[in-house]
Every structure is written in C-alpha cells, then in structure tokens.
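Please go over the structures that come below.
The two complexes that follow have subunit A in common; it is paired with subunit B in the first and with subunit C in the second.
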Partner chain A sequence: MNILVRHPVVAGALAFVASASILVLANDVWLMRLTELLIWILFAASLNFLISFSGMVSFGHAAYFGLGCYGFALSAKAGVPIIVAVMIGPLVATFAAAIYGALCVRLNKIYFAMLTLACAEITYSVIHQWYDLTGGDTGLTQFAPPSLDLGARGFALLVLACCAGGLLVIRLVLNAPLGLVIRSVGENPGRAAALGFSQRQVQWVAFVIAGSLAGVAGTLYSAFQGNAFPDYAGMRFSLAPLVMVILGGLGSFFGPVIGAIVEKGLTGVLSHYVVFWELIMGVVVITVTVYSPHGFWGLIKRVINKGAPRG
Partner chain B sequence: MKYRMYVATVAIGLSLVTGASFAADPILIGYVGDLSGACGPYNDGNLKATRIAVDEINASGGLLGRKVELKVRDSKTNPEEATKQARESIVVDKADILTGPCTSSVLLADAAVAQEHKKLLWNSIGTTHRANIDFGNRYVYQSVANSLMEGRALAEYAATQKSWKRIATIGLDYEWPRQTIEMFKQHLKELRPDVQFVNSVWPKLGESNFGSYIPVLLNDKPDVVFGVMFGSASSNFIRQGKTYGMFERTKVFTYASTYLLKALGNDIPEGVYGWTRSPFYGIKSPAMDSFVAKFKEAHKDFPDDESIAGYDSMMQMAGAIKLAKSLDPAKLVDALAAQEYVGLRGKVSVRKLDINAYAPTFIGVTKKTPAYSFPILTDLVRIDGERVMPSEVEVARMRALAK
Partner chain C sequence: MLIMKDVWASYGHIEALHGINLEVHAGEVVCLIGRNGAGKTSTVRAIVQDEIRVMKGTVEFFGKSLVNLPRREVIRSGIGYVPEDRRVFASLTVAENLSVPRSYGTSRLFDLNEVYELFPKLKELRARVAGVLSGGEQQMLSIARSLLTNPQLLVLDEPHEGLAPVITQQVIAAVNRLKSKGVSMLISEQHVRLIRECADRVYVIDRGHTVFTGTVEELDANTEIARKYLMVTRDSITSERM
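For the complex of A and B:
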C-alpha cells in the first residue's frame, strides 16, 4: 500500500490497466454504463480543477460541455471527416472558454458564479433558438456512425484513454509551477498578487484548461449518445458535475472520480426503484455536505488513515 | 446430505417444469414513453390502450407461439433520458421491438438508438418525418400522419373555407408546429393564391401566458387564427383568448385532440375549428364500439386519440409479426407494407418507401352534444393519407436535402 501512495505514477498506471481490463471483460450492459461513467468522471474532474484548486465556483460548466457536443455534431453533420470533427468539438469549447473566461474572471466569488451561469444560459438559448443551424429543441441525430465506428468496446477504451489523459493533464498542471501559481491564487489572491502574479491572467488560464477538458467530455458524450440536444448545455448538466464534486469531496484530486461513481450509481439504482428518487438524492447531498464536508473521498481517507500512525 | 439431495432434485424438477411451461421466451416490447413531463397525459392514454391490445393478443394465443410482454420505461419528455432508456430497454431488458415516443425530439432520439441496435421502433403519437423520410431510417414505422401530411390535410380543408382570406399563425417554437405551419402555408398558397398570411408568432415551448401574443395576432384583423400547440399551452391559449374576445373577433383553427376537449370541457367555445388524428366519436364501426366499451370499462373514461392510435398500431404490428413470422426489422417492414390491415381507423395501409402509414386527419367544428359531457368536433371531414402523402420525387428531394 505504501508503495502506491509514494509512487502515484505506479498507482495510476495500475488503475489504468485495471480499468482497461474491466472494459475488455465487461458485458454489453456494463460497457454502456462504464463508458458513460468515464465521460462524467472527466467532466466532473474538469470542474473540480476550477473549484478545488483555482478557487472558482462555476455554475455554468455545461456551456463548454454542450459546445463540445455541438462543435462535434455540427461539423460531423457538415461532412467533415470524423477524425477532424472530434477535434473541432473541444476546440470550439476552448475558444468559448477563452472568451467567456476573459469576462468571468473579472469578478470574484458569487459574482463570478452568476456570470458563469449567465454565459451558460446565453449558450443554451442560442443553441435552443437557432433552429436552422442546431435544429433547436429537436436536436441533432444521426450525424456520425454509432460509437465512431469503433464498436462499443473500442469506443469505451478510447473514452478511458481520454479520461485518463485528462486526469493526467490536470495532475501535471497542478504539480508544475503553473499549478502552484493557480493554487496560490485560488487560496489567497491577495498574497499571490503581492508576489507579482496577475490574478486575472492565472484564473483565465485555469478557466480555459477546465473548459477545454469539459469540451473533450462533451464531444465524447455526443459521440456516445449519437445525438446533441440543447439540454447538454443547460442547467441540469451544469448541476450534475457540481453535485459529483461535492459528493466526492471538495479540495481533493480523486474526489470527482468517487463523486461520479457515487452519483451515477445512486441515480441508476434509485431511479429504477423509487419514483421520487431526486428527493432521496437531495437528502444524500445535504447529509454529505453537513456531516462530511470532504465528501466520500474524505470518508475513505479517514478510514484508511485510522490505523496508520499520525505525523 | 440426503436432505440436500432432496432439495436439489426438487429444484431441478421445478426448473424443468417452469421451463416447459414457457417453452419460448416472451416477445418483449420495450415501451419507452414520456410518462412524465409535458407529454405525460398523451402517453398515459396511449399506454393504457397498448396494454389492452397486448392482453387481447395474449388471450388469443400470443404471437409466433410466444407470449407478448410489455416492459415500460419513462423517458420523461426529455431526449437525453429517452436515449438512455431506449438503450437500456434493448441492452438490459432485451426488448425485441420498441414503441412509445411522444415529442419529435424524443422520437428522433429513440430512432437513432433503434437504428444503432437494429430494432424496429414504431411510433403512434409524434409526427415528425425527419427520421423516416429525411434520414431514411429503415427502423422507424410512422403509424400516424406526419407533420407534412397533416399540414397539407389542414390546407386542403382551409382551401374549402371561402371566407378565410387573411390567416395569422401561432405555433410553439419547436419541430412539430414549425413543420406543420410551413406545410400548411406552402400547400394553401398552391390551392388558394388569394389567401394572405399575416402575422406569425412563436411562443416558446412551455409558455403559459399568451397575453402578449393574442393582441398581436388580432391586430392584423385576420379571418382566422391558425394555432399549432398542445396540452396546457392549448388550454391556456383558449381560456386567455376568451378574455380578449378572440372568438368574437376572428375564427380559430387549432389542434383539438380528444384529450384537450375532455380537459377543457365547456371552457372551449362552440364554433372553434379543430383537427385531430383518431377521434373515437368520429369513426363509426363495430370494432370501435367494442374498443370504446372495453376502454370505458377498464378506465371509466373515453379513449383519447393517442389511445386509438396506440391500440391500432399495436394490433397492426401484431399482424405484421404474424405475417413475417419473424422480428427482423426488414421483414417486418415488408409485412407491414404487404398487410391488408383494417383496424379502428378503418383501412390503414403502409408505404414501404418511407415506412409511413396512409393515416387520416379529421377536421371539424366544436359543438356541445347531449351524448358527451364535453364538446366534440362535428361535421367531421376525414382526409385520408392517400390524398396528402408526399410523392416519391418529394421524398427523394427531402432525403437529398438532409444529406
């Protein structure tokens, strides 16, 4: 166990191999569920990067997810080769994050959150009402071969690679000098400014990174579902990763992974047996925020550390 | 040890017995419908009738020697949820064939999943023609008139109303109203070049306050207001229209399904022009009488149009399965087209080119009658699908445009 903690690279590689083997062995039902889960992990991790490490709580992260979807779907529909279309999706999201980000980082805290929400609502409205381009409420379907023609298993492995890649990027950024600056601005903007760092610039960079990763998740989601709907840029898709981050545990790197597993697992099971499952989900979220502010990841860490000597 | 042997023997014996009584797995119909959300009431009537049909089919020995089972999932009038539920229905429940979508977006989402997994999906509520005509999806059977046919049928009717010269339109801002109004305009201009279209307004889906739209419509002094909306939007439009004196100042021509007439009751004025898809009161046949009696007995209510269409299409599909002796989508499509089906709506045949039924549209005028507690459409005109179906050339053109 100690080796794994001391060598995160080894631990990560092991986790990747283990996940890949699960995907290779999984049956159709689980393959479908795990693929979706992996996309959500990537999406939640990109939001977590903003919230936990950059000190920016975004209420409109779905904008970049949705633009990733539509960037991919519209370019595939226009006849762009699929391999290019999957790159256009994240690019559109990155571009939008660069513009919206420049606007949003001018403000702090709740004002920042409201601005991100406003940007997401603008995106949603445009997608919803630009009927001739996006099909409005009808959405886009049948623009690309299902699962990008890779087969369900091949596609699941691609998603795993993207998800692992995304997490790796976040990890590398966090450990690099850039990450230290991002974290210091997140923790204490005043002090960081006194050290000569421009708060806005640093936050803007973090915002663009998070937006582009959300765009990757969006593109994958659109390819997985075989469709794009305005909903993907809407409120529900902004809240879901937020709930995952909170459930998993604020301030931790692996929080969103656990959070996504818990959220998807709970909704999957509950919605199958209970009509008012959203009510139960609400109670769970409230309980976790009140009794375990560091979420499920915090709980797991507490259990592991119980036996270990302190200090 | 002996005890264990005994239990094992009984267990094996039991499994053999039960195995024998269900010699073959049932045919599983995945009903992925909008049971909650805006479409809830429409799907409710549809599902009730589909259940009646399934019970009848099973009572007469099932299909291909197998029992028919319905496994219901709620797509919540939400295309993303529909994609998920349709996929789970096929992969987890092992559905052989799908039905249930209501809104155009849910229908399109389900259609994509059906094609991906090569299962047939039949639709008896939504009217979009994008899946079966534009995309040429060979896994979708459209059993009601699509918005293209409906728009044209309404234009045929409007063309016979000589006093209708200035027409204003109002439609909720999404696929069905947009397509229907577009087709209505196009076709009516061909039939009656003297007709002039004045204002059109597009409230968004979910709008409940029409106070800012009705005066705009009335401003242009139209002879008739053509409205394409459904559910609570329709009832609000009609109730609020009364307070603006809309029904005194102009005629109104709108979608008036049985569900709406029942829900509004005497709140809908007499003399409103309305259309609908399969009114139980407008089709006289022994089959219809017996279905209405059966439905009333089970649910203490008259069946909606969606109920008639649900029952009718389920029975039509059962006939096709018998004829095809298979659940293979391509064979089922052949059987649907070859079959001479006479159901609640009379004879409804299917064109193979776009897997679309030659389904009728009914148009009439609201009037109170002693027979029912709610006004119904009277002086009904039935416009059959044969009159308004897009030609093969048009279908080819639409497919080329969609590419």
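For the complex of A and C:
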C-alpha cells in the first residue's frame, strides 16, 4: 500500500483501470452515481489546485462550472454540433476565468475570496435574470441527446477519461517549471517576488487553469443531467467542492478525490435516512477541520505509514 | 554598479532612512553595519523596493533608476536578494526550490551544478523537503536560489540572523567562496568576523543615515565611530579578531 503513496503515477494508473472496470460492471443505478461522482472529483480537484497549490481560496468557483454548463447548453441549443458544443463549454469558462481572474488576483486572502464570491454572484444573477437567453429559473433542457448518444456506460467512460485527464493535467502542471513557480507563489508570494516573479501573473495563470477545468466539469455535468440551471453557478455549487477539498485534506493532490467520495457518500446515505442530514454533515466538516486538518487523505496516509516497515 | 545618493525612505508615514549614500563597485564586497534599528535592513529594502518607499534621492543600478520599480523588475535587472528571514519554499524539496529561479543575468556564471559545487550539502539534501532543513541549510538554499538568477549584485540581509555560531562559519565560508568567484555583494551584517574576512569596504549606518565609509582598517582606526555607533571598543574588536 505504501508503494502506491510513494508512486502516485502507478497508483493513478491502477485507480484508472479499477474505475473503468467498475464502470463496465456497475448496474444502472451505480453507473449514474459513479458518473456524477467523477464529475465532482474533477470539479473539486480544480478548486484544490487553486486552494492547496496556488494559495487562493475561492468562494465562487461555481461560476466557471455554471458557465461550462451554459456554454455547452446554449451552443447545443443553437444547433452547434455536439462535439463542438462540448468544447465551447470549457472555452466559455476559460474566457470568464481569464476576465474574472485578472480582477481577483489584484487582491489577496479574504479580499480575494470575497471578490471571487462577488464574481460568482454576478454570473448567477445574469444567468438567473436573462430569461430570454438562459430560461431564467426554468433553465434549459432538451438541448442535447441523453448521455451525448454514447449510452450511459459509454458516457460514464468518457467522464472517467475526462476526470483522469484533468487530474493528469494538474499533476503535470504541478511538476513542470510553471507548477513550481505557482506553488512558490502560493506558499510565499513575497519570496517569489524576490526571485523576480510577478505574483499577479502567476496567480492569473493558475486561476485560468482551475477555471477551465471547472468548465470541463460543468460541461460534463450539464450533459449528464440533460439540463442547465442557474443553481449550477450558485453558492451551493461553490460550497460543495470547498467541503470536498476540506474533507479530503488541504495541500494534497488526492485529497479532493477522497473528499468527493466521502462527501457524496455521506450525503447519499444521510439524506436517505436522516431528515436533518445537513446538520450531521456540518458536524462532520467541523470535526475534520478541528481534529484532522489534513482531512481523510491525511488519515489514510497516517494509517499507511504506520503499517509500513520502518528503516 | 550601484549608487544610492541622499536616499530618504519611509514605511507609510514612518521615516526610516534620512539620507543614505552608498556605492558598490563591480567585484566588491560591501558591508552595512550598525546597531539594531539603525536602518541596515531599510537600506537594503530601499534598493530592492521591498515594502519601503523611497521619498527622495536616487537609487541607480548601472545607471538605471530603481526607485518605485516593482520588486520583480529590480530582481530582473540583475540584483539577487536574500531577505532577512531567508524563508525557503517549505513544501518544495531542495531540488525543486532550486528549479524555481529563472536566470536574468547575461553572465550565466551559476547553474545547478555550479551551485551544488559551492554548497555540496545541498546536493546531499536535494530530495529532502526544504521545510525540515536546519537554519544554516535553509540559509545556504536561500543564497543558492538567488545565485541561480545569475545576479550582477547579490544583496544579503543579515545572513547570520538567528544562526548558531557553528553554522555562521559555514555561511562565512560560502560568502568567501562567492567573493573568490568575483561576485559583487552588499551584506547587511553585525557579525564582526564576517566583516573582517570578507568586506572590502564598510558603511556604518546610524538612525537612517550614513555616518562612516571606509575600509575595515580605517574603521579599526576610528575608535570614536566604533564606540559611538557600534557600541564596541578596540578591545572587543581585537578579541573578536582572535
């Protein structure tokens, strides 16, 4: 087990093969659940890239998720071929991240977080109120064939490929010279400036990367659900990946994967049996934050390291 | 290469420098000395435009004004800066820390191999996370990282601050190695031994202005300056020398 922690590429490849096998074997109900989970993993991983490695806590990451949804939905509704529409979603999100990012990275810490929230609220309001274009509250439906005509299993495998691809992109960026600079700025902007780097430029690049990956997740979510609603750019969709990142463990690459599994698993089970399930979720988040700041991934690593032979 | 003329600078409304004059020539090692709070760090910060604002006077590097330039532009113009707190990127390994800098200089004097040759300890520790290194090792890493920008002038702010005496020796050795390679340095320092072993010239700073300029020997000869501004006597200088 310890070897998997030490060699994340091997762990990732094994996880990919195992996930694909599960998707091939899963029944329809589980197929739907797992497809949604994979989309959330990608969304949470994009936010984790921003928070854990770039030093930017965003309260409005749903803006790019929502714009990914609407970019895809509106272009598909306009008659653009599906294959092109699928690419337009992330492009819209990337474009918005470039604009919002240029504004947000001018500030730091809580001011940055509040600005991201403001940008997301603007996006939500525009989507919500531009009835003629977005359908307002009623949202958009029937703009693309179910599961993009790939069948539920084919679509699930596409989502798995996108999720794995997204994680791979994050991993490659983090280990590339660009990623080292992003991590340096995220850890200590002043010291990075003492090496001649512009904090704003570096953070803007990281912001755009995170926004575009959220856009990919949003596009897949819209295709999966077969609809697009303003809520997808709203506060609830900004908080959910934040909770996943915290539950999984800040500062770790695999944290959001574990966080998304825990969050979706707990939500699924609790909401089935408990009326006030959100109350219990809140207690879980508080407990993890206080007693295990490195989240469930931190716990898993601790257990693995304990079991590993010493020396 | 670096000329500061009558520099007045402040942190917000609080004035810290009241007329600093300083010059560093190519290949020279210049030390700034003075008591705590005299303005050594503020002088260094006024050069690299770090948190302090120059209100009056000129700071020129090869004839180019540095006043009000963004810090990154100062660094890119060829000044390597190792700040007082020498903070490394704690979550990155030593090798990753050394992969972060870009070379801005034209000399290309330092690459990774050269730096490992200068600081062999860093090569041994290259796979280790920088956050767990000792203070001295972090200082080495911090200096090495700045060298990889291939600066024409290396500015070190109190490189011995908070280090054990045995580590201090390593830092002195490192500075001497750099000096032998012809690296120009400006060092804000209180450690008399480093000043004696490395400095070509010394500036004594007090209450934000320059009160003495000269060689170490000239400083030795001027007991009035040593007593008044450094709170050291000839006896203490001599004992430090021994």
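Convention: the second predicted complex is superposed on the first by the 299 of 311 C-alpha atoms of A that agree within 3 Å, B and C clash if a C-alpha of one lies under 4 Å from a C-alpha of the other, contacts with A are read in each partner's own complex, and residues count from 1 in each chain.
The rule is simple: contacts are C-beta pairs under 8 Å (C-beta built on N, C-alpha and C of every residue); 3 or more make two chains touch, one makes a residue touch a chain.
Please read these numbers as outputs of a predicted model, since none were measured by experiment.
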### Message
What does the overlay on subunit A give for subunit B and subunit C, a clash or a fit?
### Response
fit
### Query
When the two structures are overlaid on chain A, which partner does A:Ser21 contact: first (subunit B), second (subunit C), both, or neither?
neither
### Task
Please work out whether A:Gln129 is in contact with subunit B alone, subunit C alone, both, or neither, and reply first, second, both or neither.
first
### Query
Of the partners subunit B and subunit C, which touch A:Thr141 in the superposed model: first, second, both, neither?
first
### Query
For A:Leu195, is the partner it touches subunit B (first), subunit C (second), both, or none of the two (neither)?
second
### Message
Contacts for A:Leu180 in the overlay, against subunit B (first) and subunit C (second): which applies, first, second, both or neither?
### Response
second
### Query
Does subunit B (first) or subunit C (second) touch A:Asn227, or do both, or does neither?
first
### Task
Identify the partner contact of A:Asn305: answer first if only subunit B is touched, second if only subunit C is, both if each is, neither if none is.
neither
### Task
Please indicate which partner A:Thr287 is in contact with in the superposed arrangement: first for subunit B, second for subunit C, both, or neither.
neither
#### Entry: Three-chain overlay, vertex subunit A: subunit B-subunit C angle, C-alpha, nearest 10 degrees
150
### Query
Looking at the overlay, does A:Gly251 come into contact with subunit B only (first), subunit C only (second), both, or neither?
second
### Query
With both complexes placed on chain A, how many Å separate the closest C-alpha atoms of subunit B and subunit C?
40
### Query
Which parts of subunit A are touched by subunit B and by subunit C alike?
none
## Note on the structure
Counting only contacts in the complex, subunit B reaches subunit A at residues 78-80, 83, 87-88, 91-92, 104-105, 108-109, 111-113, 115-116, 128, 130-131, 135, 137, 173-175, 178, 205
### Task
Using the touch definition up top, name the residues of subunit A that touch subunit B in the complex.
28-29, 32, 129, 131, 135-139, 141-142, 146, 225-227, 229, 231-232
### subunit A to subunit C touching residues, read off their complex
177, 180-181, 183-184, 187-188, 190-198, 251
#### Entry: Contacting residues of subunit C [partner subunit A, same complex]
48, 50, 70-72, 75-76, 81-83, 87-92, 96, 99-102, 104, 145-146, 149
